[in-house]
Each structure stands twice: as C-alpha cells, then as structure tokens.
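Here's the structure, in structure tokens; my notes come after.
Naming follows writing order (A, B, C and D), and every chain is counted from residue 1.
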Amino acid sequence: MNDHPAPGTASGTAFGRAVSGGVLPPLCAPLTEDGELDAASLERLCGFLLEAGVDGLFVNGSTGELAYHTDAFKLDALRVVRHVAGGSVPVLAGAVDMTTHRVIAQARAAQEAGADGVVATVPFYSPTHPGEMADHFRAVRAAVDLPLWAYDIPGNVQRKLPAAVAAELADDGVLAGLKDSSGDLEELRTLLDLTAAGGARERGFTVLTGSETMADTALALGADGIVPGLGNIDPHGYLALHRAARRGDLPAAAREQARLRRLYALTRVGDPARVGAYSSGIGAFKEALRRRGVIATATTPLPMRPLTDEERAEVGRHLAEAGLGPYRAA
Amino acid sequence: MNDHPAPGTASGTAFGRAVSGGVLPPLCAPLTEDGELDAASLERLCGFLLEAGVDGLFVNGSTGELAYHTDAFKLDALRVVRHVAGGSVPVLAGAVDMTTHRVIAQARAAQEAGADGVVATVPFYSPTHPGEMADHFRAVRAAVDLPLWAYDIPGNVQRKLPAAVAAELADDGVLAGLKDSSGDLEELRTLLDLTAAGGARERGFTVLTGSETMADTALALGADGIVPGLGNIDPHGYLALHRAARRGDLPAAAREQARLRRLYALTRVGDPARVGAYSSGIGAFKEALRRRGVIATATTPLPMRPLTDEERAEVGRHLAEAGLGPYRAA
Amino acid sequence: MNDHPAPGTASGTAFGRAVSGGVLPPLCAPLTEDGELDAASLERLCGFLLEAGVDGLFVNGSTGELAYHTDAFKLDALRVVRHVAGGSVPVLAGAVDMTTHRVIAQARAAQEAGADGVVATVPFYSPTHPGEMADHFRAVRAAVDLPLWAYDIPGNVQRKLPAAVAAELADDGVLAGLKDSSGDLEELRTLLDLTAAGGARERGFTVLTGSETMADTALALGADGIVPGLGNIDPHGYLALHRAARRGDLPAAAREQARLRRLYALTRVGDPARVGAYSSGIGAFKEALRRRGVIATATTPLPMRPLTDEERAEVGRHLAEAGLGPYRAA
Amino acid sequence: MNDHPAPGTASGTAFGRAVSGGVLPPLCAPLTEDGELDAASLERLCGFLLEAGVDGLFVNGSTGELAYHTDAFKLDALRVVRHVAGGSVPVLAGAVDMTTHRVIAQARAAQEAGADGVVATVPFYSPTHPGEMADHFRAVRAAVDLPLWAYDIPGNVQRKLPAAVAAELADDGVLAGLKDSSGDLEELRTLLDLTAAGGARERGFTVLTGSETMADTALALGADGIVPGLGNIDPHGYLALHRAARRGDLPAAAREQARLRRLYALTRVGDPARVGAYSSGIGAFKEALRRRGVIATATTPLPMRPLTDEERAEVGRHLAEAGLGPYRAA
C-alpha cells in the first residue's frame, strides 16, 4: 500500500480497506499435524505475502479449504488474518454455504470478526433459478454492513452466476465486485461490457479473476485483479505479472504468466487414480509452502488423502525449476 | 409399529428404533410466516404421519430444506420430531454438509438430540476421489455412536457414491443402510447384488429409495423401504403401495404407484421461467399440507420464490383429483 | 414364429413382418481380418439367432457399429440379413445419421434393400429443439413407406427424445415404436403411460428396451420387447427371460436376468486406460462370438483398438462361467 | 493475396494454397426455396468474401450446415467454391463424420474435388479413448494426400481433443493445423505452448480460432487466424481486427472485436422456446446475407425451423446498427 494508489489496486481510502484490484491471494489454511488450525503458520504466511506487497488477503476461499472446516475454525482463521493485516490491506472473507440463511450467519460472524468484505457463491445443493440467485445476494447484502462479493465458481457449485444477473446486481449496488473462478473468459468479458455500459465499473465495481494460468488474459480484458491460489507460493510472480499488465506491457505479463503456468504443474503431482483434484492441488500448495519455510506442515484435512513422498519430492523439483528457495522473513 | 414386525419394516428391537424398511417420509419443514420453525405445525405433521402408520421419520432431508436452514434450526426440528415420535418409530436425521468435519459436527449434535441414525452424503463442493468418499464415511461413523446411512443424491451433490464403494462400506459395517435418490435403478440393483453377495444384506444392511414415482420398481428389485417426499401429503398411499409390494402383489403396487405418479404432477406447478425446481416442489408440498389442514402456512425459505395464487390453486386441483381432503386428527 | 402369435411377439401378419415385441438382437457386424464385411459370418450369426427363436433382427444399430462403417457397408449388411431372414422374422434397419436429409437417404436405401422398418435417432451434432425433433421424425416418416422407429440413445447423441414428444408422434401414427437405450426407466414408464392414455399402445405402438441388464424391469413396466447386444452371444437367455416375463413369472425372469447381468461383465474386460467403452464392449461381443464358433474373427473397425490376448482370455472365462460353449448349427 | 505474404496469412507458395493464418470464413450454405444448393448465391458469397480480401475459404463447416446435407450436396458445394476461388486462396473442406472410414470416404472425395486441405473432428456417437482419437487422425491422414486439420468442437461432438494429443499429432506431422471451436482459451494456450516447445509451430503448424467473439484474445495468445461464421456477413470487420492484431495494436483489435460482439447478438434473435440454437444462428446469418444482397433466400434445411418475420426484422436492426448495408459487387 502506498499513499497514491493507482487505479486497479487496493486503495487507501478513509477506511484503508476498499478493494479495487491488484493481487489478493486466497490464503491456504495451515494445519498442525493433528489437523487443528496452525495459527503461527498462518501468521507467517500472511507476513510472507504482506512483505511481498500483496494488495489484500482473501481468507476462507476454496484454496483455504472452506468446504473442509467448521464455522468456528474459519472464524478463527479470519481473526488471525485480520490481526496480522492490521488494516494495512483489506481482508476479504469467504461466507460460502448452501443458501441464504446459512450464508448470512457466516457473513455476520465475519463482520464481527473484522472482515472488510464477504464473498459468497450462488446457492448450491438445490436447483435455483437465476432470479432466486439475485434474491439471494440481495438478502445477504441487506443482512450485513459490508461490501459483498460474488464468487462465481460453477465447477464447485454446479451453477454459473449469469453475467446479466451479476451486472444487474452491480448496477443496483448490491455487489461490490465479483471473483471469477469460472474459467469462462467470454462471460467475464460480457460482464465487463455490461458493467461498463451500466456505469457500475465507473462507480467502483471490481472484477477479480481466480485463474492462476490465464491471469494476464483476464487483466488484458479489463479485470482489476487476481486471486491466485498459486500466489501463496509465488506472490512475487503474480505481483510482477500484475504490474506489467497495469503498465500495458502485455508481452512482459505473458512471459511471467508462462513461467507461472509451468510452476502451476505442481498442482498435478497427485495420482488421479488415488486422490481427488483438491487433494492434489491443496496438498501441493501446502508442501510447497512447507519447503519454502513458510508453514510448518503440509497436513490436509479429512477426507483428503495426503500426497506420497514421491509426489512431495516432485513438488520440490517444480520449486527448484522455478528458482523458489526458502523464504527468509525480513 | 406392531409387536411382531415382518422383515422389511422398522423393527421393534430392544431399542425400539432400528430401521429395516417400510415407509419413512422425509419431513417437510413447516415455517411461520416470518420464516421461523413452526413447531406446532411440525408436531401436527408428525402426528398425521404416525397415525397413518409410517415406519419411521426422516428429518432434515432434502425435502426438509436441509440446504436452507442453519444448524440451530435443524437441531430444533430434530428435537420436535424426536419428542413427538417418543421412541415409537425410529427418527433418522440428515447430517448433510460439504465435508467430513462439518458432517461430524452435525452428526454429533444429532446424536445428542436423540436421533436414531444419521444420514450423510458424499463430500461436495470440491472434487473427491471414490476412495476419499469411503474415508469420509469411515471417519463420520467413527465419530458418532449411531447407525450411519449413506444418502446418494448425485443431482444435488454432483457425484454418485459408486455401488462398489457403498458395498465395501456395507460389508465393513460402516454403513447401516443407504438412501438412494439417484434415480439410477441399475446402480441400485448392482448395490443390492453386491451387498447380498457380501453378506451385508443378511446382516441388516438396509436399502431405501427416495423415489416418489418408481418406488414400486425399487421394491420389486429388492429395496426395503421408501422415503418419499410426497409421503408427507399422502402417507396412506405409500403405505398401501409398500404393503402390496411386501405381499408380492406387484400389480396392486403398480396401480397405487400410478395414482401417486399422477398426484406427483403437483410438484411441477411452478413456472420454470420464474422459479427453481425446489421452489416448485417444496412450495407445492407445503401448499398441499396447508390445504389438508396439517400445517399452518406454505411459507418457503429464502431464496425460494413463493408460488403464485394460481399455482396454489392448481395444487388444490391435484389434491381434489386424488381425493385428498382435509385431515382430521384422531 | 408360429401360426398364433401371442401378444407381445413379432406377429405373423399378412406381411409376415410387423414387430410387436419379443427378442430382437442388434446384430454385431462381423469383419474379415482386413476389416471388410464378413458376409459368411454374418449369415452364420443370423442363422444362430433364428434357430434360437428370436422374434426379429435389428441390423446397423449401435452394436452393429453404425458409426464405424460407410453407407455402402451398412447396405450390404442389411442385404445379407434380409436374405437370411427371408421373411421369417422382421428386419429392422438403423438409419442413423446427423439430421433429416442424411437419415432420409439412408432410410430410402434401406427400404429398397428390403428392410421391414427403419430406426432413427433425434438429430445430433447441432443443438435441436424438441419441436424440431418432432419435425425430423415427421419428415423421415413422410419420405419412406416403412414403419419408423425412434431410437432414444442420449448417451450417444447428447439429447433425449422427451417422452411427451415421442407420445405425440405415437398418437399421430408417425412412430411405429421406440427403442429405449436411455437407461431412464422413469421416462420409459412415462412414455408407456402417455401412449396408453392416448390410445397409441392399443393401436400397436411398440416399446422395446435396449438394456441388457434391466430388461426384466422394463418388461415388468410394460415394454414389449428387448434389443440386447448381449443377445448376440446368449439369445437363449434373453428368450427365456422374455418368456418368463410374458407369463408373469417375474422371479424367474429376475433369475435369468441375474445370470445375464453376471455375463454382461465381459463388456468391461478392456482397460479404460487404453480403450474406449465401445472398443471394450464390441470387442468382447465379437470375441465371445468367435469363441462360440459363430463368427470367424473378432476384428473391430478403426479407430477401435483391439483387446489384448489377456482380455480375450477373460472373455473366455466369462463364457465358461455362464456355461456357453461352442455353437453347433442345427 | 499479394506477392509478398506476411507471416500469419495464407501464403502464395508454389501451390498457391497453403494456409498459414488470416481470416478464413466458414461459408454459409445458400439454399433455394426448395432446399437445394443455390450455386449462384454461393458463388456470389465467395465473390463477396474474396473481394473483401479473405485469406481462405472453409466449406462444409458447422456454419455450412455440415450436419444437415448429404455427401453429394457437400461435394457440389465444394466444387462451386473451388471454382470461384480458382487457386487464388486455399479452400479447406470439412470431412466431418462419425468415425474413421466415413471420414476417409469424405476426405478422398474432397481431395478429388480439389480441396486444399480437409478438416475433421474426433470420432463421435460412440465413446472414444484419446489414444483412439490419435489413431483416427493418423488413419485419415494416411488415406489422403492433403493437409489434415483437426476441428476441435466438443460442444457438437461431446469430446475434446486434448491439447497433448493434438500436439503429439502436430509434432509427428499428422496435423497441419487445428481449428479451435471449443471456447476453451486455456487449452488453446496449452496447445500453443506445446507445439512451440516441440517445434511444430516453427515448421508451420497453424492454429485457427472459430470464435466470433474472442478472436482478438485468441490472436493475442498466438493463434494465426480466424474462422468466424459472422465473417460471412462482415468480413471487413474481421479483416480489420486481424490486421490490427498482426501489427500488435491490441486496443484497435479490441475495439473492432467489441463492435463485432454487438453485431453477434443477431444470432440470438430466435426464440429458444421454439427453435434450437443452430436454427437461430444459421437463420440469422442467412437472413443477414439476404438483406445485404449476397444470397437469394434465407432458407434453412430440415429440421431447422425458420425465423419469424419479427425475428428477421430484428436481424435487420442489428445490421443497421452496425452500418452494414447492401453489398455491391465490384
């Protein structure tokens, strides 16, 4: 954070906490060997990222194992992050659950714990009409006194938030922004078009991409920021990518993206005949953070199966190729 | 319940609560006009069903709006149901959440509140390997001192519990039974084959179908019982169907099923251009219960949109065609 | 065929060729080692099935590799089958292609080659509205002077023929029948309900199931006949199953079905890490026919990869378990 | 075409026909009111596009109704196009059918009719292993003496050609290029990465996008050319977009793309409650060409339902907004 934020970075408003773009890693959730929250490691992770210069922190996202922990665990994690951030950068908190009342309960707790914004998906489990998706976000927004972000992640919640619905909610001031983890760049572009045409973009509606591997493209299309899981491991890479994109140097952004695309292969070390995609990806992120000296263990929560020793060694090789060694706190 | 339960009905064991089949309606969740739990209506609904002679009650299932209410709400509902049942029939309670730790928390609370069994799905939100699904059920079972039921509902949780995995868990005594809401009768048959071959069926592994419209077929294939949402409205119909199937009179079961298939059309009164499938189905169930005098309002939870007056009138016409008038408590 | 056909079997009408049910195997397409049509083997296959007593023959279905051969090849196959059948049983011919004009071309050629009926799917490749599906069947029916059968196989053509559309076409006399390879027994039942209510069933609209493994259930629901790929290998089994179902002996039908379900495991001998599902299933059918002495080679067409020697040996073990030895022509 | 082709356009080689990028519209298939090929309109369409300066013509693609016409029709269309092109630009011809033998038959006929390259999809209808997809392309390539293009269109053929398989075929010289109609820009980028790393890109492996609405992004990622259905109606727009991208002026390309994105809305004039997506899109393209005076009628083939008069008027409004009036031949 600096005194004169450029457009498209987390701005130093009176509240010091509004998000207008930049790099906001979705924090991993470090665990002790017993599977409890490892607060010391989480503090170290936050410190690592803040020193690198990230523009905000997103806690209790999908990378943060939102599906795997109790509400109490997640609230503890938020408190740790809030404490370390200390107002220096905004802290967004996931409030992801099946439908409205459950999301509201999480969002209110997050507000009390000091979140600067909450991030919620469309309803899942039961089929929901797009009009009901809109009602859902309206009800959540009305229940909390915090900026509300839509989290578009149809691969996990089965249904996409249509760009037209998101734009309507942006125009009405219900949504402060949207995190796009859909992988659908065409719909992302439609959302950017619609929210520009309707004036929401001008009034601060912010669009973030959750993609690790197409982040430069999303920024070139007009997205404001990046929420990359891989940014836990290599925040400097994503910050360099974002800076290059902001100054209009797309070839430099693409070169950095190419490097990060190669590094991202570490998420595929887990054998799909033995583990689910999250066990491989989250397990690899945690092993990489452990090897870099940021967190203490690579423990993953039930029912994720741990990576094998050989798979962990392969994570190490990916780090070595990318030139990522141990982190030394400033 | 009687003193000498036939095979394939809820048995009067020493605990008075083991489930071995029959008709176990998944209870609707009556709400006040403010959207709070309407305990009086829920008591009346339980009474209506128990008088009809159902073999058990399933609370906090999909029909019971499990996705729409907080843990506290669902625990309250379970307590009401437990109180009315009073040990006369077993009470199964949904413990449905995204992954293991969250399910365990719900399952333990359900145990404390007096549930006779808990019902859990495979993990959802994040992709999970079948082996991890097995680990999930093993961990939940180890955490509670209650029979554990698998709830196979891939339309809602994206992934099917493979019959081979369910059978392995049945053989190992992890699962007491399975409720099949997959609509996949071929896999149901494979599960019945595998659990017969492995001996689990003989040791009491129970298979229930969640289908309102193919219940007679599931019973003919060997399923033990039915968990029909429509059984809230017409328990006598499903009990007649089940009795006919049990005595081997498949044509009589098919005739009753045909009648219930026609009645089931009431779940489609909602305009799909305006509401999601659950808003239509749950809304219609509640309106039917209201018209039958069982519950006080047809209120549905956020973000479900209510049925229109005309759609409600159509529910009434379906009831009239089926000859279902107001219920008079004994 | 006999002089007094029972309801629900291929009837000896004036034309000797109307299909009203029974067992109609979808013929495999025997190939020479060079991949050409092996007419002698196809004749032997037809003879084997006719001696067993099948009620009709279906040539150029999915089991007959309709997707893998040219129109000329398929017409040759039809001519061979027509010649062997000699009017003793009806011969249905697949006329499956992407849309109307292409289907009409195939259907007309099939008519000239002496088919007793043609079987067509809904359009595929491009998205099609259900109303356009209806137009498609109407146009095909208008172009040929033969009974037209709908072939509902959404797994292969991406879209299901809705039961309501099929019923409308049945009521209007456009469709003579439907072959259901959807695996969706609920929709099959809806179709049976609708065509009974509309009178089409009474006027001869015939429903066949393509399921090898749920055939008894489909018959119990009211289907008239079976088109089982596995019926190439074990026609006697399916004929016994069908006879038991027709005389109302469902337990006997279920026992035969259980035996055939075990045998059906031979379709899964191919390693999914190396071959597609058709390579495994078709390859196993052909290997089984070769081992039974019915066809000369187990050659499959491009781009199917052949089974390995070990996989072929496993086919042999399945046959041995089922007690299926070499066939001796009468 | 000029004497000194820049990289990334159709080059004037000794054969005058190699494709190395640029704009290659997938030609619409003009029909007479009776549904026959309207050769005069097709000639006029080719002339319109060649005058505009397109780099090649693609006949019998999805926009060209490949699924809707007989092989004979499609061969006639190819001959007309080949005649008008007269060697001035390369002519690619679709050889799309369910599997290898059928594709080979089409590809050989296309070769005889003078195509400069053939374009084929992965097998469809039956499930196919990726290794079998590779075998398929190898067999087709071996059967014709023409460059072979992969056509990746999973929305129509259910299965994606994995980037790794396409890259292997590129490295081995089996594929001359790939047309990406998958909408998956991430996989497109992976393909570009892999074929650059393997040397195929350097040896001339060409990547085209079939996207009308993300063409600038695909070019920015490194694609060589565009095959836009909307390019039938507004070739000048796509040529301007391509030129801007080639000279590195991405903002100018994006502005042109934004204009074309608005125009593309004409493909959505058809009411989805009445017509399939192709009926709307193809119908609108043809109506636009008719209004521009390029083709004589907007007739679409069976079973596509025609647009209503009101929907056609809306096409006219889209053209007017885009400033696209009648075409006057030079």
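FYI, contacts are C-beta pairs under 8 Å (C-beta built on N, C-alpha and C of every residue); 3 or more make two chains touch, one makes a residue touch a chain.
Just so it is clear, the structure is predicted and the values come from calculations on it, not from any experiment.
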Here the gap between chain B and chain C, centre to centre from mean Cα coordinates and rounded to Å, is 38
Report the inter-chain centroid distance for chain B and chain D in whole angstrom, where each centroid is the mean of the CA atoms. 52
Multi-chain touching residues of chain A, meaning two or more other chains, are none
Which label fits the chain touch graph of this model best, line, ring, star, complete or other? ring
For each chain, which other chains does it touch, given as pairs? A-B, A-D, B-C, C-D
Considering only the defined contacts, which chain A positions touch chain B in the complex? 62, 66-70, 73, 96, 98-102, 105, 123-129, 131-133, 135-136, 139, 156-158, 272, 274-279, 301-305
Going by the contact rule set out above, which residues of chain A touch chain D in the complex? 183-186, 189, 193, 211, 213-214, 217, 220-221, 250, 258, 261
